[in-house]
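Next come two complexes, and both contain chain A; in the first it sits with chain B, in the second with chain C.
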Partner chain A sequence: MANIAEQRIKREFREVVKSDEVAACNIKVELVNDNFTELRGEIGGPPDTAYEGGNFKLEINIPETYPFNPPQVKFVTKIWHPNISSVTGAICLDILKDQWAAAMTLRTVLLSLQALLAAAEPDDPQDAVVAQQYKDNNAIFQRTARHWTTAYAGGPNIDAELEEKVTSMKNMGFDEHKARVALSTKDWDVTRAAEYLIS
Partner chain B sequence: MNTATGASSTSNDDRQSPNEDDQNGTYECNICLETANDPVVSMCGHLFCWSCLHQWLETRPNRQTCPVCKAGISKDKVIPIYGRGNPNPQDPREKLPPRPAGQRSEPETSNPFQNFGFGGDGNFQFSFGIGAFPFGMFASTFNLNDGRPGPPSPNSPQQAEEQFLSKVFLWVAIIFIFWLLIA
Partner chain C sequence: MSSDINRQMSHVSEASSMGSDGNSSEDLEEDNDYYMDNTDDLDLDCPSKADDPEYFEYEPLQLIDAEGMLNEEIETLCTRLKVNPSTAKMLLFGHNWSKEEIIENYQRDPLGFLIESHLASRRKHDKLVGPRPTCSVCCRDLSQDSFLSVACGHMFCRECWDMHFQTQIQDGVTTGIECMAKECSILVPEDFVCEILTNPKLRDKYSKFSFNDLIKSHPRLRFCPGIDCSVIVKAKECKAKKVECQACGAIFCFKCGLNYHAPTECAVVKKWLTKCEDDSETANYISAHTKDCPRCHVCIEKNGGCNHMQCPSCKCDFCWMCLGDWNNHGSEYYECSRYKENPNIAHESMHVQAREALKKYLFYYGRWENHAKSLQLEELTTEKIQTRTQKKVMNNEGTWIDWQYLMQAAALLKKCRYTLQYTYPYAYYMEKGSRKELFEYQQSQLESEVENLSWKVERAEIVDRGELENQMDIAEKRRQTLLKDFLEV
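Let's look at the complex of A and B:
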């Protein structure tokens, strides 16, 4: 790995660990291996959103050309968000692509992702299904996102009705996660979700 | 969490020399976060190592923006900073083009338009256009700073060539006038 990338990650690491924002905004970075190419990030869901109370884990890969090219970041924790793929966790965020600037740091990236959770951009979606639901049926979207936060990110709000629907499909013999995806995609209509899974 | 212990020992070090740390932060390159080496500053006021900024500009030649504020930036529009002492007497810059040289502008640049710009990062391009306008006009009207080369030195091959050319053109002109007369 190029020396500048490693040097910078070391410095940034200190910055993230040291700054007061870490405690205030719930951002965290950990090392995965010793050569500073793979990192594990964590952000807390922003307050007053469907993601409140959840902890979202991120996989961060530092390219050799960092900081001249952006780090590759994706969600490890499953999340229901228009700009994040519910399947792969890939993120659609301009600063991780063409709007990256070399003065940005891991700290600013994590804060930007937290801001993205608070302010989705449904017109520039990563997950078309989620974005459509966000625009057409925002109440259902909010409930679904909150339910996913509870199911995958340790959020505190249990939505009994949605839990029940997942359980009922699980009892039909479907995999829990697949059932949740199908129900979320079909606006929590059990019949249509079952048809979707069978077809 | 071996990293957390590493960080706490570092913060202890920082506490021992807080002033030094602040000082260093002021002159850190915005790209490598180390104290700037061969420092240059952009028109928007952001400090970089020349090697770092050069690599950034090379990374995306089509869209050259300041890594900090995304104002327009280019090799010609950064100013090198020359401190008194040279921390690295042996300059390891063989592979890079040299840091751009400083530009001396004439002292009369204090014109009323200058206060217009250079304040905001975003409208820099626009302000610069206005500020430079009267000078562009002077230069073209009075032919100041004319870029054409002066006459060649006598007895040089260029002079012989020019004399030959002027003779050829003279004969062409004479033939043309003669043709006009007989036509």
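Let's look at the complex of A and C:
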């Protein structure tokens, strides 16, 4: 069994690394160990989205029964997205669960994830807080997601106002990441975010 | 009184060969009847079909009979449509076993219908290139004859199919196994799976699981949910009605398979149970197991099902639920089962609203939980009655038959309390209005009669038989009335 998995990964590895189309789409896969069970992926944020310019790292685990079971994928880079947990990076995507097909490849998975960044599914959320914001207050959501892209994924857009709020909370003695989460959760209201962290 | 009781008596007399009126063949027939018609042998008035809101026709099947029945249906479809059994099975499974509808759709447009049912495709079959094409799943180059496909024509090697089936079956998927290609939802028919699966253990598992799938998908069949019970119940129609398994005694709703829950609907009771599971810790914490006597404040533990409490020290009568004076619970208006909503709630703050919501939930949950506990305690009462009856018979105080009415009363009490328990989720989710008022009125009536009955059953020795039987009749009538008005199936 493991033999098929290894064979497949080797083959796919060549496919993802070499393909021009893949390079154009800004996706990457690297090996972490020699037995092809742990991989590291990377996808570029799709253009014209809040994730544009960011590079998102992924942790990919290949089960022994691959490709008959889907690979286990999660975000290592922190991201603000309705279908991705802002805490653990766990992803809610059908093809990583029951819609997986043995003929799919890592390339399909990475491209699907990129598509997910471009088109969220707030009705099938992984992170309820983010999904609520996405639906109720989309402008704030977009700004928050862009800010997270800059803060964690190397995005180029600096939102001075939001930065300042994070810094002000940092100066109050809060941990930077915790402050950012609280601010994002509370629609960037400093008082409520502080209350949230204290309670 | 009831013909049922008479029947049972005749059966008993025969069994103990004391029958004075002779063991005629008629008697024997009646006995058979008694065993066959086990749906409701406790009803006081043996209501007719039209009268009894809980009336439901069903029969228990053994695995093999159910299999026979399914095979018959599959075969009929095979001959009518001239398709193979695997396809017929899939069609029936996918279309709720409505044969006529399948036949009509199929005859109108065979290919279109099969495509819609994920059993055929307009796609051109994959062409295998070269003498040793590559399998896109395992990436091996193999000879042409290793490749196989289902209706969609996606070619994969035999070993990959085998592995695919193994993984799917281990995940519990059988009837729903799909092709391995990306975004292809063509279903894999049974004959294809069985031909390829190499592991005989898994093949057994496959047939077992897919049989279960078929039963579960069949609207007129239901597995008995009882533990280790293999009975399959067959009914004429799929309704949320009461089924009592003769083999294991489980009482369940035919439609959803949960514990029987009239007058509450399947979806509502499910919602309620989930809610109770989520909130039970708070509720448990808040509703303690003991209460203080409202007058002398002695601590009282409830040791019977009856809510009519009498303080052992000061002898005051009070209601376990509301701690109010029992006399006010009297005949007319039993206010205790009615939750009084705060009329100004809409203007209150979020915080107060949340508190109010919790209060409302706890009110209904408390009563639901209390009846569930009472039901358990009622079991004890039944046992006590049994021992008492035995003692009496031993002391020559009447025959066993003479005391049977006590068992009848205990059984009826359980039945009424059971229905009463399930009126609380119904009331909880009911919209405010005149219908709810009517419901709560009837509920309170039933509640009060059930408590009267419970009180009398617990003191059966000192209560006159006629009085007790009268109370049984009243309670059952109340129950029937409530179900007739509110059980919507």
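The working rule: the second predicted complex is superposed on the first by the 198 of 199 C-alpha atoms of A that agree within 3 Å, B and C clash if a C-alpha of one lies under 4 Å from a C-alpha of the other, contacts with A are read in each partner's own complex, and residues count from 1 in each chain.
One rule holds in what follows: a contact is a pair of C-beta atoms (placed from the backbone, for glycine too) under 8 Å apart; a residue touches a chain by one contact, two chains touch by 3 or more.
What you see is a predicted model; the values in this text were computed from it and never measured.
> Could you look at A:31 and tell me whether it touches chain B, chain C, both or neither (first, second, both, neither)?
Once the two structures are laid over each other on A, A:31 reaches chain B alone.
> Examine A:69 and indicate which partner it touches, taking first as chain B and second as chain C; both and neither are also allowed.
A:69: touches chain B and chain C.
> Which partner does A:108 reach: the first (chain B), the second (chain C), both, or neither?
In the superposed model, A:108 contacts chain C only, not chain B.
> May I ask you to decide whether A:129 touches chain B, chain C, both, or neither, giving the answer as first, second, both or neither?
neither
> By the touch definition at the top of the document, which applies to A:13: first (chain B), second (chain C), both, or neither?
Only chain B; A:13 stays clear of chain C.
> Have a look at where A:140 lands relative to chain B and chain C in the superposition and call it first, second, both or neither.
Touch partners of A:140: none, neither chain B nor chain C.
> State whether chain B or chain C is in contact with more residues of chain A in the superposed arrangement.
Comparing touch counts on chain A for chain B and chain C gives B.
> Taking the contacts chain A makes with chain B in one complex and with chain C in the other, which residues are shared?
Chain A residues touching both partners: 4, 7-8, 11, 65, 67-69, 101-104.
> Over in the complex, which chain C residues touch chain A? Could you list them?
It is residues 136-140, 154, 156, 160, 163-164, 166-168, 178-184 of chain C that touch chain A.
> What does chain A use to touch chain B in their complex?
4, 7-8, 11-14, 17-18, 30-31, 65, 67-69, 98, 101-104
> Please name which positions on chain A make contact with chain C in the complex.
Interface residues on the chain A side: 1, 4, 7-8, 11, 65, 67-69, 101-104, 108.
> What part of chain B is in contact with chain A in the complex they form?
Residue positions touching the partner: 1-4, 7, 10-11, 30-34, 46, 52, 55-56, 59, 63, 65-68, 70.
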